[in-house]
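Look for chain A in each of the two complexes below; its partner is chain B in the first and chain C in the second.
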Partner chain A sequence: MAKLFERRVTPADSLLDVAATTTLAFLLALLITSFLFISDGNNPLQAYFALFHEPFATLRGFGNALVRASPLALIGLGTIVSWRSGLAYLGFEGCFVIGAAAASWLALLTSPGQALGPLPFFVFLPLVILFSFAAGGAWAGAVGVIRARLGGNEVLISLMSNYVGIFFLQYLVSGPLRAPGSLPETVQLPQRTWLPFILPGTRAHAGVLLALLAAAIVWVLLKKMPLGYELIVTGFNPSAARYAGIDVVGKLTLAAFFAGGLGALAGMVEVLGSQHRLMDGISGGVGFVGIIVALLARLNPIAVIPTALLYGGMSVGADAMQRRANIPSSITFILQSLAVLLVLTTDVLRYYRFRPSALWGDKPLTAGEGTNR
Partner chain B sequence: MKRSLEMRDVVKRFPGVVANDHANLTVEAGEIHALLGENGAGKSTLMQILYGFHRMDSGEILIDGSPVTLTSSKEAIALGIGMVHQEFMLVPPFTVLENAILGLREPGHPLLDLGKASQRFKALSDRHQLALDPNAEVQSLPIGVQQRVEIVKALYRDASLLILDEPTAVLTSQEKDQLFSVLRGLQAEGRSSILVTHKLNEIMEIADRVTVMRDGKVIATRAIRATSKQELTRLTVGRDVNLRTNKPPLERGKPLLQISDVRVCDDSGNEKVRGITLEVHAGEILGIAGVDGNGQSHLAEAIMRLRAIKSGRLVLAGVDLTSASLTRYRSAGLAYIPADRRNVGSVTKMSVADNAILGSQRKYARGIFRDIRRERASAAALVKRFDVRGSDIDLPAGKLSGGNLQKLILGREIMRGSNVLVVEQPTRGLDIGAIEAVWHELLRERQEGKAILLISADLEELLNLADRIAVVFEGRIMGIVNATEASVEEIGSMMAGIPVERDWVAPRLSIEEKANGEAF
Partner chain C sequence: MTRSQLMNSAFFVTWLAASVRLAGPVLLAALGETFAERSGVLNVGIEGTILLGALTSFLVSLFTGMTWLALFTATGVGILTSIFLAWMYVTVKASQVVAGLVFNVLALGIASTVYRRTLGDSAIPESIAMFHPIHIRFLSDLPLIGPVLFGQTVLVYLTLALVMMAQFALFRTHFGLSLRASGENPAAADSAGISVTRVRYAGVLISGGAAGMAGAYIVLAQVGVFRESIVSGQGFIALAIVIFGRWNPVKAAGAALVFGACDALQLSLQIVGTHIPSQFLLALPYIVTILAISGLFGTKAVQPAALMSPYIKD
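So, the complex of A and B:
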């Protein structure tokens, strides 16, 4: 008896298979979400046109998509480093605001009359990258230390640390760094400290390049360096890691440090490239969407780039959709989350072989090689 | 009561393999029937079909001559089939009695009547001389007793056909004798047993008939009286195998690994190694015999620095490394083959090539980058030299069979070039072909002048490979004997904690101590 789906011993894991199931999952998510549009009396095709047209078919929109994508990519990369090392770190909202605050503080210090005076940009840039990275790294590294040394639960601690970070930001922008005026925000950062714009006619800034560079570095780390090998062994199997002489505590702490640093760079990119000031609510959930991006990219540092662009573009499109078709932009978040759920569930498809021949009753290729489950 | 079993033309396919290929098996009432075969020969699948875990694709099962269908273990139990799994299916914090009645329900009685159950339990336990205390917590019992709990569990369900999967793998020889006398008692009542095993000695000792399987097929069924170990080996492997090793005489060199009065605790702070003193010389295999859980693993982990040494000293090639840093310690040259191949010795989700460099990842690197070409070349060389079969070096190591995975780990550790090898249960669960290969490699390392500490629960292995055998019991050494002069009975009683009074044991120990005294 031939069956339509035959179980495989090993999952089909060629690039094509993975891409096919991911695409299928995404299309399925689009299909399910269209019911939400229909129930609201909208035409899903028009809604999707509104969602995807602006970010991917207009130059200005594409620039905005790039702007939204770069922090997502950086946070996705942080997720990859920590999760592949076996640390389920979820505190990227916190890292993001810490990085944003650190960068803003340093930028404000270079205002005329302040401690660092007018610092040239080529000195300021490496300084601010190192400073933000170190601040976020220390922030997340603390969670790594608690987990690795004391055996605390990193999921809970990192999740809760987000609130500490967010309230710390509120304190900063309503206290020591507050600009005169009614809003809880700093003054605009000195223009000298802004990241340069890279695409004429758009708001795309050099943060995009930083994200690309970070993706390349994370790829090299995980694929080409013994350190990355040790991180991955630690993630798969801590006992085997210890057996191989790998310092598991040190590796987990290091992974948390890298992850926090990358998350902080996302915050830095956001303030120096796009907002140009520090304000309450600056993170707005990117710390979580970034994790989703990493999952959708199956924790692959190269695949994070297009995935981040897709999700960044969708959030740009969501605004356009709300403006033009008056459809609530939160539907986009439902779509984004559904896509991840479906990607995770369609993974099971890779364990089956599709036999359309069973539909029209043909014999399977090798007689008697039918399925038994 | 008396049940006979016949399995006819059983076929079972899994994706990509035929696990049972027209297998036939008959077990008479009151017979002890051994089922022999290498790993992957299809024994377990056949038994799981009989116990209702798997459904066969074709074939039939007859009990007392009438065909039955088995789709779940519940039906198998109702037909009087009981199974003692290799990994016990017991609830550790429950008492023996609670485990015995687990899942049973008396029709019409919504409440549990432990008193009544206890009476029936006692009657069963006494009749079969199982000596079980119904109120003891299972987790506090030794493995051998836990196994008897499994047996009584089956008897409580009135099993007339008992399937035992590798029952002696974890037992001392005394416990094994006890098990066999229980099985003979069951036989006297007309109950039959199927013994799944690959230990020929035990088959010759207890079974009435033996069925040999190879590659999913039943090769032969023989009466024990009409066969020999040689014939059975040939049938199992398909060729002649010489498991007797021709070990060249010992050329004992300088002591390379010396441990003195080492004490080690487990994670909850109980002392598991209580003052062990040993010396392993170049060109020597020192065996450590003992039932699992008597401190051997903790000792090995302490030697490998995976566990802290509470007190005592550790000297490697004359250098005291008791308090050396981990990095310094690792570079001093020790290789370790852990007992748990899949969870400690390898990362099953990573490729064979990645596993081949585990522990040497920094050695293969050029600066801060991996030299992947060199890694792969060395992995390919390892796979070739140690005959690791069945996988491409890019496939996950978890896809390898136990024997091939062990060859990979063994090869990796040997190619590390260390002078001292700590080897734990190197052939547990492997089939004869793989055992032969592992033994061969270990003896070759001995010839090369390596010092090998071999921890094994398999006495045959120790007697074949080791030059001296130290027997541990509850974290102490009961005695050290020369392998050539030792007997299985002697080692067996020391494993059970009974000291053996023999003249030469005492002076030998004092020589050891003297040698240690000079070295330290």
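So, the complex of A and C:
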């Protein structure tokens, strides 16, 4: 029987095929979202111009796009490490908050008269990176241990841990770390602890470089190192990994630790580079958008960088769009998530050949159906 | 009775009554989710579906003032949006965690866009039509059990009736058998003439309808307003309750009560006034849930064998 979709003998998974289906999905998402603009009486072309002009055609906006992109990229990298190791960790909101809290606490300790006293930046920076990474790593590592040793469901446990982390942050900024005043936030962190700005005339900071460095490290880890190979084998087939002598429990715990550490660095970059103080609601959903970025980049540590820049830029543009055209910025959530859902859908085209001719009754050209599992 | 005893009994009555009231939405969502998971689909998208149900019921109640219409519309919207989810899970065979999670972001975007577009930047209306507690003569005046069991809104009784119906449907009907077979061994179910695709669509649509109703419950019986943060993980807690309740509606009701009790304890203790930071109490339901499903206590839960694996027909 002629079928509309005929299974391909080998899935089309060359770089070109993957890029083509992803682009197709993104264009479809733009097309669907433009109906939302039309229904609201806006010209979609003008709306998209507003969405992309500010972040990608103005220096100031581009700097802001870089600022928004760096935590997204770091969370995306955390997603890649854990998901490729077979651990569907979703607790990046929590890791982000823990990293932000750890970095702020350490930075506040270096204010004059506090326990550590003023530290030179080149001493403080490695210290704060290690401390945040370890704090987030321990936070997520606990979930890894629960999954690997006790068989608990990491999807739900990590989702729940987000809320615990967010309440912990609320406690910190309304209790022990609260600044005098009405808002739940800390005092401004000492200026000595801020990440330096790297592009004159913009707010882009050294966190961008940290994200790029992390992408390179994750790429080397997964592609070039035996440890990364063992992580990926664990992700593909834990039984085979165990049979090959890989310590699966240890690998899952390690993957969770790395993921949590990267998620915490995102929080650190946000407080030290952009906000310069710890406050309630600092994460604002970035933990989930970061996962979406990683998915759209198909869990590839290099592709995460441009994808994060695109999504970070879109969130900058959405604010501009709301200011100028009075279009709710939440419409970008729709655009951003539709893109991933459509990527999942267009993936069908890589496994199946679309045969519109089946509609008018032609026979399929190949007889390979069903033999190529 | 001394004054402190009176205080204590009043405290317990308020606490228990609030436990029952707060357990409602998560229990409704968990009941529906049980059907989806028994058919082999982990529907993570109920968090977003609850949000859409909450928005729908809020708007309908605001504009028509009819609470029942609001409840039914929210249920309908839950079912309609789940057609898309079911298509992603069953037909496209996408990763269920990914599709559900991304759908939640999509639902957040839709809900906040629709809300802002409908009501603009105008001030939030004072009140919408809501379900009120029914006072049953004599029964509601009984000590302790009166206020706990009989001073509740009609939605509590509706939820309890649905628990019984769900239990019956899952374990005593032909449909329930097909559902469980598709979740345990889809290939065998298929060769027995069951359409696994159709059964799984049904499971996901049921979970969507229940989630939409849960959203209406939150708005119409608890909060009375709409905010983007109104659901705050209750859909995820429902997923945990399904595990905690071992994929069984009656046991899920017990699990939901435990959750409701934690949530209510936080409210009651805040009223009494304690030195425990309120954030710790707010985090308590989530911590209890994590511990409950961590596998630390008791053996690993036995989940439907084909959960999260799409059925590919050879």
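Criterion: the second predicted complex is superposed on the first by the 344 of 373 C-alpha atoms of A that agree within 3 Å, B and C clash if a C-alpha of one lies under 4 Å from a C-alpha of the other, contacts with A are read in each partner's own complex, and residues count from 1 in each chain.
Here is the rule we go by: a contact is a pair of C-beta atoms (placed from the backbone, for glycine too) under 8 Å apart; a residue touches a chain by one contact, two chains touch by 3 or more.
This is a predicted model, so every value here is computed, not measured.
Annotation: superposed three-chain arrangement on chain A; chain B versus chain C shows no clash, the two fitting side by side. Once the two complexes are overlaid on the shared chain, A:Phe35 sits clear of chain B and of chain C alike.
By the touch criterion stated above, A:Ile292 is placed in contact with chain C alone, chain B being left untouched. After superposition on the shared chain, chain A has more residues touched by C, the comparison being chain B against chain C.
When the two structures are aligned on the shared chain, A:Phe354 is found in touch with neither chain B nor chain C.
When both complexes are overlaid on chain A, the residue A:Phe5 reaches neither chain B nor chain C.
Legend: residue contacts after superposition of the two complexes on their common chain; A:Lys224 is shown touching chain B, with no touch to chain C. Judged by the touch definition given at the top, the superposed model places A:Ala240 against chain B, while chain C stays out of reach.
Once both complexes are placed on a shared chain A, the shortest Cα to Cα gap between chain B and chain C comes to 5 Å.
In the superposition on the C-alpha atoms of chain A, no part of chain A is touched by chain B in one complex and by chain C in the other.
Against chain A, in their complex, chain B makes its touches with residues 12-16, 55, 57, 304, 306, 326-327, 330, 336, 338, 340, 343-350, 354, 357-359, 361-362, 364-365, 368-370, 372, 399. Those residues of chain A that touch chain C in the complex are listed here as 36, 40, 88, 90, 146, 150-153, 155-157, 159-164, 167-168, 170-171, 174-175, 285, 288-289, 291-292, 295, 328, 330-338, 340-341, 344-345, 347-348, 370, 373. By the touch criterion given at the top, residues 42, 44, 88, 92, 94-95, 97-99, 101-106, 108-110, 112-113, 116-117, 232-233, 236-237, 239-240, 243, 277, 279-280, 282-283, 286-287, 289-290, 293-296, 300, 314 of chain C touch chain A in their complex.
The touching residues of chain A, counted against chain B in their complex, run 6-10, 224-227, 229-230, 232-233, 236-237, 239-240, 242-245, 247, 369, 371-372.
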